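Both complexes below contain subunit A, partnered by subunit B and then by subunit C.
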Partner chain A sequence: MTRLVTLKLIRLVPVMFLVSVLTFSLLEVAPGDPALTIMGDNPPCPSLIEQELVAEYGEETDISLLCTQAVYQSVRERFNLDDPIWERYLIWLGNAVTGDLGIRLTNQSFTVLEGIQQTFPVTLQIAIFSMGLALLVSIPMGVWAAFHQGKGFDRLSGGSSFAIISIPSFLIGLLLIFFFVWRPWMLRNVVLIFAMIWVAWLLWSALKRIVSRMVSGSEAGAHATTDFVLAATVALVALGLFFWWPDFPRQGFSRWTSDEGILENFRTAFLPALTVALTEIAVFTRLLRSDIIATLQEDFILSARARGFSNRRIMFRHALRPSSFSLITLAGVAFGRALGGTVIVETIFRLPGMGRFIVDQGVRLNDYTVVMGGVLVLTTAVVLLNTGVDIAYYYLDPRIRRGRR
Partner chain B sequence: MRIKKARQAIENFSTNPSVSTTIYPMTLTTSLDAALTSDTSNNISTSDMSSFASSSSSALLKVSDLHTHFATDRGELRAVDGVSFSLDHGSTIGIVGESGSGKSVTVRSIMNILPRNVGLQAGEVIFEGENIQDLTGPEAKHFWGVKMSMIFQDPMTSLNPVVKVGRQITESLRYHLKMSRPEASARALELLELVGIPEARRRLSEYPHQLSGGMCQRITIAIALSCQPKLLIADEPTTALDVTVQKQILDLLDRLQIDQKMAMILITHDLGVVAGRADEIAVMYAGRIVEKAATTDLFASMRHPYTQALFESIPKIEHRSHTRLRAISGQPPDMTNLPTGCSFSPRCRYAQERCLTEKPPLEADPVNTNRSYACFYPVNTPAGEEALSVNIKHGKSAAGLDMSREGLEGVSLSGDGIGGGGLIDDGDGIGGGGLGEMADEDLEGMDG
Partner chain C sequence: MADGKVFQLLPKRSLWAGIPAIVAGIICIWVGLGVLTESSSVVRGIVAILGIAIGYWGLNSVVRHFKGENFETSLWLAIIWVVVLVLAAIFADLLPLQEHRNTAQTLRAGTETLLRPDLFSVHPFGTDRQALDILGGVIYGARVSLQVSVIAITLGIVIGGTIGTVAGFFRGKTDAVIGVFTDTLLSYPPLILLLALVTVLEPTPLNMAAVLAALGIPTYIRISRANTLVFAQREFVLAARAMGANRRRIIFRELVPNVALPLLSYAFIIVAVIIVAEASLSFLGIGIQRPEPTWGNMIAAGQDDFDRHPHLVFIPGGVMFLTVFALNRIGEKARQLWDPREANI
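Let's turn to the complex of A and B:
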């Protein structure tokens, strides 16, 4: 086990090296000049340079252009921008290895590490929330759809999944803002109506069960009780939501360490997380559904049925685990994507996340230390995630535990 | 490959100590009779001969007029179309037939594990005097897998690949018998020893992929036996196994059946498997039982042409090498579109006009009421002999089957073009481990 983890972690090194080399070269060929950003539009002419220029050209000459050029040169020298690319890379690498990601070129009062420390937790939290939400919703939905394959719920979830997958995520974000922020009463009523229909259906089926039990003469069973309990829960949740419908902010983010507390943090994180999660819910549900359907065809499911186990037991104890391999893989990939690709969501909801940090502060301004530092952190996170997925495999599927015994 | 398997199966059959090696003479009726009598006599001592009377009131299991139909795209598929049999405590019935003949669906109906697209299910299954369809509540919850259990064809796939062997055994014990964890593991260990697994304690913590096929089948047997069932259903328990292992598993089942006083339904497409082991044999074709008799009676003289054809398609040791097998001509029937008359008539050498229009009912033999068959012109009866000679004279049967292509003595025919349906030329059609792999898709495909 330790060996496995160590091996995976060792694998991290070449991956990160390659990614950093590629990113660095890409930044080099990208248009733009960090020195220009550092200088700003109308750089003041430092008196030292001014004196030198005056001494050289005399009082009469307009030295402003010459001064700008001189400042530009000094900036490039100061940040070693004229050194060959490999030299700059090696210097950066040497510092990065010791944990020093450098200062931000365009905002020299801050280091890159500080920027990452401020923004990464936000991105990480949104990613964790959205993945948790996606798994929490999609696993029951996938199981239910697979179990009632071809029935109403399965077809409904299939259809809506494809609809959701085909909507781009920025549009999902805008739609969510529209309904949750501008038209909350619509959602509130829709939820209430659906819940009431559900409750009515549950009560009706419970009633049918009781009547049929009474007719056939055997004891009234536990099934009706579960229906009643479920119906009561649904009704309570729906009513609670109706009367205390949470009001979500259009934008902004409150850290959970801030004074407003953790509830405020949840409230601000919900819509961005839902935006990321919706697509994943759709994908995960369809994936898990089809994997479970495939597993249910297996002989060991048939033999479990022949052993007299209940459907629920077969589904959760026998079918779910062998069906979860591709879901785990995809969830790992999706998590990585959520970490690195939330820039759109962060922009829509104005979150101080790392995607925006890298794009707005790094790429746009040609600030290579910001981009390099951000990419390094993201790469590490993604590789660690994949290691986590591999370890999860190890536990889920004994067949891959080769070379251990 | 299949031929080899077939030879092995026959050898397997003949190595059974009480059966002489000359069990497959050209005329079946004599020495086989003797061989099988001597064989079954020691087997049957454990069970009651009177069990063959199908109307026995003490029967453990009584299946009457079982129908299982499936709704398919091509129409209604009558996988089981009126099957009746009964089984006494401790006795064995062998159900024999090609793939797609409905034998698996029959037992799956009894085990209540049919796929969901089952269209119609009718008939009665009475177990210990109780109709299993009427079971409710905890009685139903702890019936299948407890009173009757089942083992399947492929042991490698019928165990959950991600669960340790020990937990797969204890799951039944804990779920059905409400044993505590230590009790269950102690019992699991006992069970593994019972089915002859060496180093049982170590095996408990292993996964199925770490075990061989034979070992896995022993474990599925251990699981099936865990709640001490009164009836064990073995659905082709040896088909997926190596031949040497086949015999071990069959012998194990024999021993356990006697030890545990279980009744057994043994499904196979290999007459060699059931010959020495079943008290009674039911031959199925196209969803119906076409012949049912005590094993001794059946092998002494067959009545249904299909049974005869099945038997003749087994390669025999005393045949010269390169002898052509007498596979059953024609194709297995399209189960969604069965002939109006007897389902076997298009392939039958005895078929007459009547067979094409009328379905023969399964009726008891007028002489020996313990056997029954569904044929108007039974083999080894005057009516049958006459039908056959009429067909030979015409050169073809009433259904148009070409009789000239396979003469009665045509065992050593060689050359191409033999066999009406071309199955003879088809390596797969040669019944070895199986008398017919021909229509696998028909039923197997539907189980989804």
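Let's turn to the complex of A and C:
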């Protein structure tokens, strides 16, 4: 067990080493002189250098070329570009490990670390929120689809999962904006109509049970009560939603530490989180469904059935746990994917998250320290997360735990 | 249970229910896209989608009547969609399309901006804020998308396939080194890897293809390595060894032809991933730039007006969705047919 964990951690070392090398070499593969890339096409002349040059050559001389040369020299010195690559790499890595990701090239009064500290919590919150949402929805859906395999709901969820996986995430985001923000009345009515159909169907089946009990004298009365309770809950929730339909903002984000409070935070984070969650719901549901179906073939389920346990007890006490291991692994991987993939959502909903920090402050402005720092931090987070999930898997699954001690 | 009954409400599938359904579907699509040009876009969208659903149900009934119950209509529709899209992209210059790229020309011609889609006008899918034709943009966007993804997938198959086959054949240290390399590439979140690469490269179509190839390479290394491991144990490789074939001959004459098929079977799915990734970069404004139209940058341009003009976003978006969906559908089938590991299960 300990040996396995150590092995995983040892494998981490070369991967992290290569990640850091590749991230660092970003500046080197950029065509041309890195110093020129850092300076940009038309570098402004810093007033300090300008004053020095004016003092040296007088007002009349055209100092623009001299200034460019001076800036070029100062950039080469500041980034130690005259040193050999490996030396610069070691210095950069040493700084990065101690948390110093350098200063931003385009906005030199700020460090990269400050930017990341401000934006990472937003990204993290969206990722956590969306994973929670995805698991909350997909576990009941997967269980239901597996238990009613081949029936209407299963086929419907199978088909729509396949379709949802094919929708790019930015399109999902725009669809959600269209219906939740621009046309909320439509959703409100659709939800009400579907809830009413559901309620009518529940009442109808309850009625049928009662009638059949009266005719044949069988013991199905308890189910009719659950149907009534469920129907009342659905009707109440639907009516509540119809009259107090939450109003979601098109853009913007309110931190949970801000004065507006945590409800405002939930309200602004809901649509972005749902955008990320929808695809994962489709993936998780299919995975859990097929795992449960595989588990239901096992002998211990047969023995539980033979002992006369109810379907519900078999599902939640016997089948769900052994079927959920690959879901947990996938959820871990998906969490990493969400951390790296929120760029799109942050752009659509204009959230002050880390992805948008990298794109807007880094990629667009050619600010290499921002890109390098951001990429390094996100990738490290994802790598550590995946290793953590791998290790957790060994602890969670008793079959592996006992099998390879 | 009751779900089954909901489906029983539909008439039983037969030839004589199918043909009227096809006609009704076509009428719905025609009414939605061509007749109701003045009503709300949501109504038009619902009518058109309803038409597609009814028409599909009818077509499915008719085709299955002739071809048997196991005929995969959706697979063939997916293939037809991809073929039509590819043909339209290749012969885009020959099609009677309106101006989709040059704003100066639409301004001079005085084309109306933000025209609503009308199937029977010169702008079947309407125009955008610059009066550029959406249909033209969508087709030329398909051309860019397909060009980029075909180049990227070719690069990915050649590079990833070679590296993976070598790793699987030599095993040992070579395999370990390549394994670490693959793990590293896979440990970057895909979009973040693309962002990093885009920072240093100009966003030309060729550069984008090279960048997007990085998405496919690690996957291809893994697939070809796994398949090589399987095939290298087989008797025909042993026979070749016994006949004194050298390593290069074994790799290129014995292994590569066998590994190539499973690699190609994954190509459809990876092309779908690449199309989405390319569109995402264009959408973020760091991929291929205007005036070159791509699905991503058309959607990005439309997102400010789409509360009142949803066609700006949902037409390129819908075409992209259908393409990705079709490629996934074909890819799933191809994998079942050609990937030995999948077929054995």
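Just so we're on the same page, the second predicted complex is superposed on the first by the 327 of 405 C-alpha atoms of A that agree within 3 Å, B and C clash if a C-alpha of one lies under 4 Å from a C-alpha of the other, contacts with A are read in each partner's own complex, and residues count from 1 in each chain.
To be clear about the criterion, contacts are C-beta pairs under 8 Å (C-beta built on N, C-alpha and C of every residue); 3 or more make two chains touch, one makes a residue touch a chain.
Just so it is clear, the model here is predicted, and its values are computed rather than measured.
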Mind working out whether A:Val383 is in touch with subunit B, subunit C, both or neither, as first, second, both or neither? second
Output check: A:Met39 vs subunit B and subunit C. Expected answer is one of first, second, both, neither. What do you get? neither
With both complexes superposed on chain A, which partner does A:Leu396 reach: first (subunit B), second (subunit C), both or neither? first
Spot which of subunit B and subunit C makes contact with more residues of subunit A, would you? C
Once chain A of both complexes is superposed, is A:Leu81 in touch with subunit B (first), subunit C (second), both, or neither? neither
Just checking: does A:Arg313 make contact with subunit B only, subunit C only, both, or neither of them? Give me first, second, both or neither. first
Looking at A:Gly362 after the superposition, I want to know if it touches subunit B, subunit C, both of them or none. Which is it: first, second, both, neither? second
Subunit A contact set shared between subunit B and subunit C covers none
Okay, in this complex, where on subunit A does subunit C touch? 11, 14-15, 18-19, 22-23, 26-27, 29-31, 37, 148, 151-153, 156, 162-163, 165-171, 174, 178, 181-183, 186, 201, 205, 336-337, 339-341, 343-344, 347-348, 355, 358-359, 362-364, 366, 368, 371-372, 374-375, 378-379, 382-383, 386
Within their complex, subunit C touches subunit A through residues 1-4, 6-7, 42, 180-181, 183-184, 187-193, 195-196, 198-200, 272, 276, 279-280, 283-286, 296, 299, 303, 306-307, 310, 313, 317, 320-321, 324-325, 328-329
Given the complex with subunit B, which residues does subunit A contribute to the contact? 216, 218-219, 221, 297-300, 302-310, 313, 317-318, 321-322, 396-399, 405
Going by the contact rule set out above, which residues of subunit B touch subunit A in the complex? 111, 113, 136-137, 141-146, 149-154, 157-164, 171-172, 175-176, 207, 209-210, 220, 223, 447-448
